[in-house]
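Shared between the two complexes below is chain A, which pairs with chain B and chain C, respectively.
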Partner chain A sequence: MVLVELAKALHVPVWALRGFLAPLVYPGLVALLGTVLFLIWAERKMAARVQQRVGPYYVSPKLHGALQLIADGARFALQEVIVHVETDRLMFVLGPILTFTFLSLPFTVLPGGPGIYGFRSDFSMVIVYALLTLSPITVILMGWASSNKFAMIGGGREALLTVSGEITLALAILSVAAMYGTLDFVTAVEKQVHTGIIGLVSNPIAALLFFLAMLLLTDRVPFDIVLGEQEIVQGPYTEYSGVLYALTMAIDYAKLYALSIAFTLLFLGGWAPFTTPLLGAISVYIKSLIVLLFSVFLRSVYGRMRLDHAMNFFWARLFPLGFIALALGVFVHVIYA
Partner chain B sequence: MIGRELGQREGYRVVELYIGPQHPASGHMRLVVYLDGDIIVRVDPDIGYVHRTMEKLSEIREYVRVISLIERMTIIDSCNITLPFVEAVEKLLGVEAPPRAKYLRTILCEINRISSHLYGLGIGGIFLNHSTMFMWGFGDREVFVHLASLLTGARLTHTYNIFGGVRRDLPQGFRDEFLKAKRYILRKLKDYDKVFFNNPVIRGRLENVGVLPRDKAIAYGVTGPNLRASGVRYDARLLGYAAYSELDFEPVVGKYGDGLERVWVRLREIEMSLDLIEQALKQLPDGPIFHERYAKMVPPAMRKWFEKGRVKLPGGYVRLRPRKGEVFSRGEMGHGEVTYYLVSDGGMMPYRLRIVTPSARNAIMFSILPPGHTLMDLPSIYGSMDYFPPEADR
Partner chain C sequence: MSQGSNSDKQDDHRPRINPVLAHLEAIATGIKWLTRKPMTLMYPDMEEKKPEYFRGFIIFNYDKCIGCSLCAQVCPPRAIHMYRVPGDKRIRPGYDAGRCIHCGLCTDICPTDALDVSPVHDEVFEQIESMDFDPVEWHIISKKLVEEHAKRKRKLVITRVDEEVGLRYEPVE
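Right, the complex of A and B next:
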């Protein structure tokens, strides 16, 4: 294969090349950057369409404003990063960087296609989940370090919502794991390819739970309670400016991107119907792009849900539903076996 | 770490939160919120950031120039806010507008009311982070701003009402434009109901939030749609100023007075206003649009403008001297009831003009509604009130 030949030419072992390329190129950072650039443009264009507007346009009118985000990025890069006197300087500056680092680690084990992964592990689902759950801790610390009341309230909300969202996410992942009898993404996808039935069909409840928890954990409307612009300005990210602010914006999109790839692998059949690396990777990418576009489209339909309603929704409705999904997963596992 | 300090207030250990004046959702004002955990203990609205001394400025202007001054208090609703003042001065001058002018005033007032309500709904939408309602409200308001510009020639500050009449006659084709606008907005109102009003997330934010009972609403002097949502059938239009006495309408009245009902009253009042405009257009009498006494003062060379449906003001019009006396007048704006108390000493300028705007009266709701609710309910209460700071600060 191409990868093996490339490794031979560069005189490095194949596993090292894999471990380098997957998190950095695809499905990792380069693909993430391209996706975020496209996604934010598409999000704004879709919202504009619904709301009878034009959306971003005047930066590059020929491309219908597709370069708007690059212009914004350049502005952020050149802007002064203000670190005000009362902050906990070290944590304030390290916060966004650490969070973003945590969020780029799952791409080491998250497969982006058949044979396209950094490391293959029997516990890749657990590893991805664990790495994603690290980021809220630094976000809460960011809220504390900002020494701003809005940021502090935002950090508190992040803590509260993370707990309820991640339980639901864990139940959804567990029911898929029970269904396919594995904790490995690759094996789960192979099972789906083998049986020809995608996870969305065999366990729709788990798919719904996963999707809703994904919206909650990545602050998408209607669960953008942590950002809460109308009450707490930008939540934990209120005091940030310049490059650090751009990073805090990227946090949610990186998480959303990682989770929608996971959604594709678990529920949409991954690289099915293809089995070759190139076509498979394209299939995974397009499927996760559709999931991404759908989750950002909700912004033009819903408002922000109230904090106590969201908590009630997750603990009283979705948490019990999670056990039903788990039971359904076990039941399907018996049928498959 | 000043930001983390906790204070004491009324026996509670509370966080003192300053929302505004630099805040995405404060408007031109500041809300000092005291929080016990996530529960609001007390809110002190700190208003006056856009105080422009309207009452004092009107004492050094001739009566005609006061009209264009006071409509800047609420430029989105400028016909409604100037009409009671114009009628007060007319009472002192002893003139009455011709019937056609009265109907035209009514038509513009209702157009302004619709655009004011759409503005309020849009702001209410973005307070709940419903960006679609925000854009729809502002976009569809443009239809009615266009109608107003057809009638008056200006989009916002039209200075349409003058003593003894109005400044322009109804243009040709206005009726067709209005019917088009009516069809459009009735279709859009259905969309508002679907996407905004009956949206489960939005209903969850508004239902049983900021409940203002009937007795409290009366005791605190709340006015406008907020008062009617609490179940009080009070509308200054029922007094029958302009042409309202000849039109058939019934104020929209709610029951419980929660945020949802305040939004509902505004939505239904848009329909009511459309109906009123249609009635007024149907009953519109023929005749002059400017009082004879002043029309006679216009030099003959300028009379040709009257045939084109435009009023040219005579030179002596600036030096009007109403008789000595005091007048009280009121009118219903989009936000509520506006009252004027005019004292004239017989000179060319008002001796004193006391203005009480509806938003100034509704500002009390910031203190009485939020306590007991969570911080997330504060924008929802603010949004459902349709509060307009420049109007309250005058």
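Right, the complex of A and C next:
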């Protein structure tokens, strides 16, 4: 294997190289950066096409405006970071940094292909879930520290919606865990590869719940209630500018990226047709990219749900559906046993 | 159903929508529209062909002017004022492009055709003060704009209303 030879050549143990490469290169930060740059461009371009507009164009006409995001990033990097007088300074500055740190940690256990992971644990689904649920706490703190009414309201909405979204996500993950009989991503994918039946076919209800909870937790339309541009400017991120604003934008996309890789691994068979590291990694990446593109495409189809409607939808419809998914998962377990 | 019994009675006359099929239909419609071509007129690269007597920026020829001040009298928004130019016996018109409504009355009334309409409509000024010209400045900028407009190599198009696409742009020579 390439990784073992590389470790021998560099005179470092394999586990250290894994622990370094997975969270930093693929599926970690470098891949995340490239994906986010592409994804925001694709989101704007697709929304423009549906409305028969052109979208970003004049930054690089030959690439249809693909460099627009790099121009935006350069602008954010050069812009002054304004920390106004009434903020709680420490929390205001640390908020985006801490949140992004929490969100870059799941890439240590999320496998990006066969044998491509930071470390393998029997409880990797639980670890990813736990690390992703840490971030709303700091987002709520950011809303509080900003000393701004829009940020306050945004933080409150984040608190309400997180509770209703995460229970659905937990039920979806639980039903999948019951279905595969494991809490490990790698084993789950291997079971799908061996039987040839992907999770989307064997438990579509859990897939739907996972996808909807993913949209809610990452503020995608129709559940972009936390950001709510027309109502509360930018939600908890209203007061941020410059590099910190770029980080707050990256928060939701990082979460979306991590969750869509998890969706690919749990429901779309992971590296299913291939078993070699390179082709498997490409397969996982392309599948999760399709999930990402679909979830940002919904922006041009739906309007925003009202807060109470979304809460009602998640608690009254999806929460009971979660138990049905769990029962179905236990029932379907026979296939993968 | 979960909204309570009061709203249920009022909502009875509304058509029932299948929640699953309606969402699928909405997404399918979005994907269908995704394949359509944009309607945008790519403006600085492409421009609509102007009709023959299009009234844009008023151009002024200092040499033809006889200083009768009819233009200043007829101008509805008072964009034209008469100025005294050093070394000239007569008064000459100056032009405030910020006030001009491009009605073309001054070009109609001018007895020597010193004033004329031009197809230039998109000249950009950075400050509001720089839009106010005295006679000599007006003469100079008129010359400059006419020359620049002749050099322009934009694609000229005609807009057609199309039932399929919405708006269509046909190139013209």
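Observations on the structure shown:
Basically, the second predicted complex is superposed on the first by the 335 of 337 C-alpha atoms of A that agree within 3 Å, B and C clash if a C-alpha of one lies under 4 Å from a C-alpha of the other, contacts with A are read in each partner's own complex, and residues count from 1 in each chain.
We take it that a residue touches a chain if its C-beta (ideal position, glycine included) is under 8 Å from a C-beta of that chain, and two chains touch if they have at least 3 such contacts.
Model, not experiment: these values are computed from the prediction.
In the superposition on chain A, contact of A:274 is made with neither chain B nor chain C. In the superposition on chain A, contact of A:222 is made with chain B only, not with chain C. In the superposed model, A:49 lies in contact with chain C only, and not with chain B.
In the superposition on chain A, contact of A:307 is made with chain B only, not with chain C. More residues of chain A are touched by B (comparison of chain B with chain C). Looking at the shared chain after the overlay, A:316 reaches chain C, while chain B stays out of its contact range.
In the superposition on chain A, contact of A:123 is made with neither chain B nor chain C. After overlaying the two complexes on the shared chain, residue contacts for A:230 are found with chain B alone; chain C is out of touch. In the superposed model, A:297 makes contact with chain C only, not with chain B.
The contact surfaces that chain B and chain C form on chain A in the two complexes overlap at residues 50, 52-53, 300-302.
On chain C, the positions that touch chain A within their shared complex are 2, 26-27, 29-31, 33-34, 36-40, 42, 166. Within the complex, the chain B residues that touch chain A are 1-4, 15, 17, 19, 23-25, 38, 125-136, 139, 195, 199, 201-202, 204-205, 374-380. The touching residues of chain A, counted against chain B in their complex, run 47, 50-53, 86, 147-150, 152-153, 221-222, 224-225, 228-233, 299-309. Those residues of chain A that touch chain C in the shared complex are 46, 48-50, 52-54, 57, 297-298, 300-302, 312, 316.
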